[in-house]
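Here subunit A shows up in two complexes: once beside subunit B, once beside subunit C.
This part shows the complex of A and B:
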C-alpha cells in the first residue's frame, strides 16, 4: 500500500514539474530580444509591456549642442530620487551639453560618450537586452535611451526606504554591539564589511525569484572558507526556481540538507558581529534583500547553545552559562515527560516524602497525569503564540490572564496539580534559554511526553535514542551536525560545554575550514602575562 | 533515491512502534490510585496458623494539609492502619485490598515490625516475601516489637506525621549513642544465611507516661536460627558494637580521679581488630580496641585537663568498655548465640579446623576466651580548659 501511495506522490510531483516547465516556456514571456536603435520603437515596446503601470514615467527630451539628439529617460516614479535625476542626469545632458565648445564634436548616439562625460551618478550599467532593461527599471533604476544607440544606460538613482539600524529584537545582549541588520541588504553588507576589512572578503550576488528578483548575496572569506562549501551553496541557490523570495526563510527551506528533520541545519542571525564571527571561522553567510535575518551555513548543533556574549564575557561565567543552556534544553524537552514517567510508571524512584506530597496534590485531579501534562503544555503554547501575535499593549493582559489560568485558578479548581504547574512553568522558562532550538524543543516535548505516557522511562529512552540517531545522521553542507562531539574532535570541544579562554582557541574549527584545517586565526601563545625579565633579556 | 529514503523512514517507524508494543512491563498506575505503604507490622492472628498483617498507608487527602498548616488538622491523622489476616504474608497483602480497594504499593515501605510472638516462633518463614516481592526494598528496616507490632504502628508521634517515619528516624539515631543499631532486610537475611551466626534486630517498645504513649527503642532482640531467644540491653549492645568496630558515638561516664564527681566522655572514634587464635584446642579471641574521646562534661571542681587526670580517666574508661564487652559476651553465652560473628572469623582463619568446630559450635561457643586490649585516649576537652570555678589566686 505504501508503494502505491509513493507511486502516486511521485507521479504528481513529476506532473507538476512538467506543467511548471511548460508554463515558463510559453512565448511572450521571454524578453530576450535586443534593444533597437530606434527610440520610438523601444518606447513603444516598453509602453506595451508596462501599459498598466501608472507610476511609469517616460521623459523624452532633446539634447546636444543644437538639440538634435533625441533621448528618453524612463523610470518608475515611486522608486527614484527625482531630485538626483534632475541634478545628475537631465541637467548635464540638457544644459551643460549646450555649453560645449563648437569644436568639440561628440557623438551623442554613443552611450559610452554620455556615460563618461555627463552622468555623474557612479552606479550605472550598460544594458543591451530588453529583459535586462526591464529588470533594472523595475529594480528602481532610471533608464536612459538614446535614439540611434543599441545600448541603454541603467542608472541606479533609486532611493531606498531603510529602517535605521537598531538593536535586534531577537538577540538582545548585555555586553556587545547593539546594532542589528536591517531590511536593506546593501546596509547589511556594509555592516559586515565594517567588521571584516579584508581583500579576501567575497560578496557574490545572485538574483533569485522569477517575479521578486530578490538580490541574494553569499559572503565569505576566500582562502578561509572551504571552496567546496561555496560551490555547493552556489549550486543550491541556482536550482531555486520560484516566483518570489520574500524572506531568508524561503532560501533556507529550498537549500537545507534535511527538509524532513525538525532540527534546523541552517542558522540565522540578526547580529552583524555574530555573522562576522562565523564568516571568520570559515562559514558563509547568505544575505537576502528585504529581511534582517541573515543565514549562515554550515550549522552544527552546539552552535545553538553558543551566544555571542559568551565570547565577550570572561570565560568562567560564560562556561557556566553554556552548561545551563544545555541543561535547560534537556529540561525543556524532557521535563513533563520525566514527570509523567515517574508519577505513572516509576513511583518507586521518587523520594517518599516527595511522593506523598505529589500524591496529595493530585488527590482531586480528575485527569490522568499524561492528559494533565498535555493540557498544561498546550495551554502554555496557546498563551505563547497569542502573546507573540498580539499588540504589545494587549500582550500584558494575556500574561496576566495566563498566569491566573495556568497557575492559580486551575489548581484551586482541582483540575491541575500544583506540582504539574511547577513542572510546566520550569519547562516553559527553560525553553526560552536556547532560542535557536525552540522549534525542535517544542516538538520534541510533545513527542517525549507521548512516549512517556505510553511506556514510561522505556519510552523516553526509545525517544532519546531515536533523536540521537537522527541527530548523528544529519549533515549541514557536509559537516556532521553533532560535530565536534560526533565525530569527536578535541580541539573543537574547547568551545562546546565550556568556553576556553580566547587565547587557547588559536585554530579555526577543523570541520568547517576542512582543507586548510590547520589554519590559525591568531598566533598561538597569546596568553597574557605581566612582563617577566627573561634570562636572555638581562645583560 | 527518493523512494529508497522514504522506504527507510517507513521501516524505521515500523520498527519503532513494534518496539513500543514489545515493552512487556507496561504498568501505568496513576499516583492517586496508589496505596502508599510506609510501614508494616506482622503479628500472630487469634486464629491459629494465621498471621495478622498491619499496613500503614498514607491518607493522601490529609497528608499535605497537616504539614502545610503547621498546626495540623486536629485529631485527623495523615495515615491509616489497615489490618488483615491471612495464611501467609502475601495472602494477607492481597486480602487487604478488600479494605483499601487498591493494590498496596510497597516500594516506599520504611520498616517491617514483627510482633513478639512471631519473632519467638521464628522469622525464617515470614521474611521470604519481603525479599522476594519486586516492590519490596531490601533496605527496609527490620524491627521487633516487645508487644504487638500493630500497637507500635498505632501510636501517633508528637513531632512526626507518620509513625513509620518516626520509627525509622528513631532507629537511625543509633549513631548518637551506639545503644542499638539499624538492621535492614538485606543484613538480616545475610545473617540468617550463616549457619552459626546469630541475628539481631532493634527492639521497640511502648512506654506510657503522663502525656501519652511513646515509642522507644529498648535494645536489640537476639535471634538464633531465626527464632528470638532474648534481648540485649543498651550497654550490652554497645559492648557488642565495640567488638564489631561499629561504635559511632556515645557517652562513657567514669568517676573523676578525686572521686568527687564524674567525668563524662564522648566517643569520637573507635576502631577494633579481632584475631582468633586456637591454642591447644582452646579458642582465644584477641580483641584490640582503640578509642578516642573528648571530655564533654565534668561534675567536679578538680581540673581534669592535665596528663595525670587524663591517664586515670583513660584507664577508667577502658575498664568501662571492658565491662560492656564482657557483659555482652556473658549474655551471648547465656543464649549460646554468636552475636559477635566469631564463627565467621574462625572460619576464615582456620578453615581446616572449622569443619570440626562447626558441628560442635554450640558446645564450643561458651568456652571461647576473650583477650581484650583496650587503648583509650582523650583528645580534647571541648571549649573549656578549666572547670567553671573561682580561680585559686583570689582566695
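This part shows the complex of A and C:
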C-alpha cells in the first residue's frame, strides 16, 4: 500500500513538472529578438510592451553636426538619477558634440564611438537583444538608442535609496565592529572586500527569479574554498526556477541539504566580520540583493554556539561563555521535560527536602504536570511572538502583563505550581542564549516534553538518541553536520567546548578548507613572550 | 552484490566493538550467581579463550573482503549447506536481539519505572533501534565513540565515588569455588559479551581498509573487557558475598553512593549509560539481522525488512520468557549451548576450509 501511495505522489510531482515545462515554452514569453536599426520601430516596440508604465520616460533628441543624427534616451524616471543623466549623457551628446571641429568626422551611428568619446559614466553595457534591453531598463539603467545602430547602450545611472550602515539588531556585540550589512548588495560586497583585500577573493553573480531578477552573489576565496563546494553551490543555484527571490531565506530553502530536518544546515549572519572570518576558513557566502542577511555554507552544528566575540575577547571568559551556551541549549530543550519526568515518573531521584516543597507547591494544582508544562510553554511562546511584533512601547506592557498575570496570578489562583514557573522561565531565558538554534530548540522542547510525559526518563533518552543519530546523519554541502565531534577530529576540538588561544589555532579547519591548499593560516609559535635580552645587549 | 553502501574505518570498528562489549555490562550479572567473587578471573579467562576465535573472524573478513557472513557461508559450504548455516545464524541473531531488547525492558520495569507497561517500553526502544538501522551502519559507527566514552566515564566515576566503601579482602580466598562452576562461568562470559561479536562478520564487509583491523579489533575488545572488569571488581569489593542475592548487583552497588547526602541515588546514571550502550548493541544486532535476511532472500535493500523485523522482535521479546528469573536460567543453561557452535566452531572451520580450497582466488573470478 505504501508503494502505491509513493507511486501516486511521484506521478503527481512529474505531472506538475511537465505542466510547468509546457507553460514556459509557450511562444511570446521571451523577447529574444534583436534590436532593429530603425529607431522609430524600436520605440514602438518598447512603448507597446511597456504601455501601462506611466513612469517610463522616452526622450527623443537630435545631435551631432547639423543635428542630423537621431537618438532616444529611455529610462524609468523613478529609478534614475536625473541630474546625472543631464550632466553625463545628454549634455555631452547634445552640446559638446556641436563644438566638434569640422574636420573631425565622427560616425555617430556607431555605439562604440559614442561610448568612447562622450559618455562619462563608467558603468555602461552594450546590448543587442530586446530582452536584455528591457532587463536593464527595468533594473534602473538608462537606455541610449541611436537611429541606424543595431546596438543599444545601457548606462547604469541609477540612484538607490540605501539605509545607512548600522549595528545589526540580531547580533549585538560588546566588543567588535558595530557595522552590519544593509539591503543594498553592492554595499555588502564592499564591506566584505574591506575586510579581505585579496586578489583571490571571487565575486560571482547570478540573476535568479523570473519576475524579480534578483542579483545573487557567491563570494569565496579561490583555492581556499573547495572548488567542489563552489561548483555545488552554482549547480544548486542554477536549478532554482521561481518567480521571485525576496529574501535570502528563499535561497536557503531551495538549496539546503535536508529540507525535512528541523536543524538549519545553512547559517546566516548580518555581520561583515563574521562572514569574512568564515570566508577565510574556506566557506562561501551567498549574498542576496534586498536583504541584510547573508548566507554562509557549509554550516556545522557547533557554529551555532560560537560568537565572533569569543575571538575578540581573551580565551578564558570566552571558553566559559561557550560552555554556558551549550548548557543553556540543553536546559532550553530539556528543562520542562526533565521536570515532568522527575515529578511524574522518578520522584525517588529528588532529594527528600526538595520533594516535599514540590509536593506542597503541586498540592492545589488540578492538572497533571505534563499539561501544566504544556500550558506554560505555550503561553510563553505566545508572549514571545506577540512581543516581537508589537511596537516598543506596547511591548513593555506585554512583558509586565506576562510576568504578573501569568507568573504570580496563575500561581496564586492555583493553576500552576511555583516550581513550574521557575522551570519555564529558566528555559525561556536559556533559549535566547543560542540565537542560531532557537527554532530547533523550541521544536525539540515540545517533542521532549511529550516523550517525557509518555515514558519519563526512558522517553527522554530515546528521544536524545534519535536526535543524535539524526544530527550525525546530516550533512551540509558535504561536511558532516556534527564535525568535529562526529567524526572525531582532535585539531577541530580546539574550538568547540573551549576556545584555545588564537596562537594555538595555526591551522585552517581540516574538514572545510580545500585539502590541496596550505593548511596553515598563521605561523606556528606565535605565542607572545616578553622581550628576552640577548647576550650582546646585556653588557 | 553488496547491500550496504556505507563505509566505516577500522578506527570506528574499534569503538563499535568496544561499545558492543560494554553493552553487556549488566549481563555479567548472569555469571555472578555462579562464580561469585571470582567473576573477575572468569572475565579474564573468557577474554583469553575468545580472543583467538575473534581473530579468526577478522582473518575470515580479510580473506573475503567486501563479503558478509551469508556470502562467505555460501562460498565455503556451497549453496545448500551454506544457506542452512546462514539460517542458523539468523536464528541466533533474532533470538539474541530479542533477549537484549527484553533486557532493557526488564531493567526499567524492575528498577526505574515499575508501573509502565512492559510492551510499551519494548516498542519505544525497538522503534529507536529501527530508526538507527534505517540510517545505516555508517552513522552508527560515526557516533559510536560518544557511546563508549559515556559508558567509560560513568563506570569510572561511580567506581571512584565508591572507593571508600571497597573492601578488597572480599576477593579472598582466590580459588574457593569448584572448577565446574568456574568453567560454566567462562562459558557464559566467552559467549555473551565476547562471542556475540560474531555479528561483526556482517559489518566488516563495510571496512574501507583492511589494514590495522586486527590491532583495532583487539583494542576494542580490550576496552570492553576492562570495563567489564572494573564493574566486576567494584561490585565484588563493595558488596562482597551479598552480591549473589541481588537481582542486579551493579544497581545495588551504585545505590550505596552517598557523598554528603547530595550525591545520592546515582543509579539513574547507570540506567542512562546502560540504556545507550545496550542500544548500540541492539542496533548492531538488528543491522546484522536485517542485512543477513535480505542477503539470504536476495533483496537489493534491507530497508523494507526493518519495520516487520522490529514488530517480530517486540513480540518475541514480550512473550519469550515468563520472568527475569526464567530469562536468566535459560540464558545460563540453554542459550550458551545452542550458540556455542556458531561462535567457536563454524568461523574457524570456514577459515580452514577456505584455506584448503584456496577460495579467495576463485572469489575474484566470480565477482567479475
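In this text, the second predicted complex is superposed on the first by the 527 of 539 C-alpha atoms of A that agree within 3 Å, B and C clash if a C-alpha of one lies under 4 Å from a C-alpha of the other, contacts with A are read in each partner's own complex, and residues count from 1 in each chain.
Basically, a residue touches a chain if its C-beta (ideal position, glycine included) is under 8 Å from a C-beta of that chain, and two chains touch if they have at least 3 such contacts.
Because the structure is a prediction, the values reported are computed rather than measured.
When the two complexes are overlaid on their common chain A, residue A:429 makes contact with neither subunit B nor subunit C. Looking at the shared chain after the overlay, A:345 reaches both subunit B and subunit C. When the two complexes are overlaid on their common chain A, residue A:487 makes contact with subunit C while staying clear of subunit B. Of the two partner chains, neither subunit B nor subunit C is touched by A:371.
Shared-chain residue A:462: touches subunit B and subunit C both. When the two complexes are overlaid on their common chain A, residue A:473 makes contact with subunit C while staying clear of subunit B. With both structures placed on the common chain, the touch criterion links A:357 to subunit B but leaves subunit C unconnected. By the touch criterion stated above, A:6 is placed in contact with subunit B alone, subunit C being left untouched. Overlap of the subunit B and subunit C interfaces on subunit A comprises residues 345, 348, 455-456, 458-459, 462, 466. Taken together, the subunit A residues at the contact with subunit B in this complex read 2, 6, 10, 260, 343-345, 347-348, 352, 355-363, 365, 368-369, 451, 453-456, 458-459, 462, 466.
Residue ranges of subunit C in contact with subunit A, taken from their complex: 12, 108, 112-113, 116, 120-121, 124-125, 127-128, 131-132, 135-136, 139-140, 142-143, 145-146, 261-262, 264-265, 268, 271-272, 275-276, 279. Of all the residues in subunit B, the ones that touch subunit A in their complex are 2-3, 6-7, 9-10, 16, 19-20, 23, 25-32, 34, 36, 38, 58, 60-61, 63-65, 67, 105, 107-108, 110, 135, 137, 165. For subunit A in complex with subunit C, the residues that touch the partner chain are 345-346, 348-349, 351, 455-459, 461-462, 465-466, 468-470, 472-473, 480, 482, 485-488.
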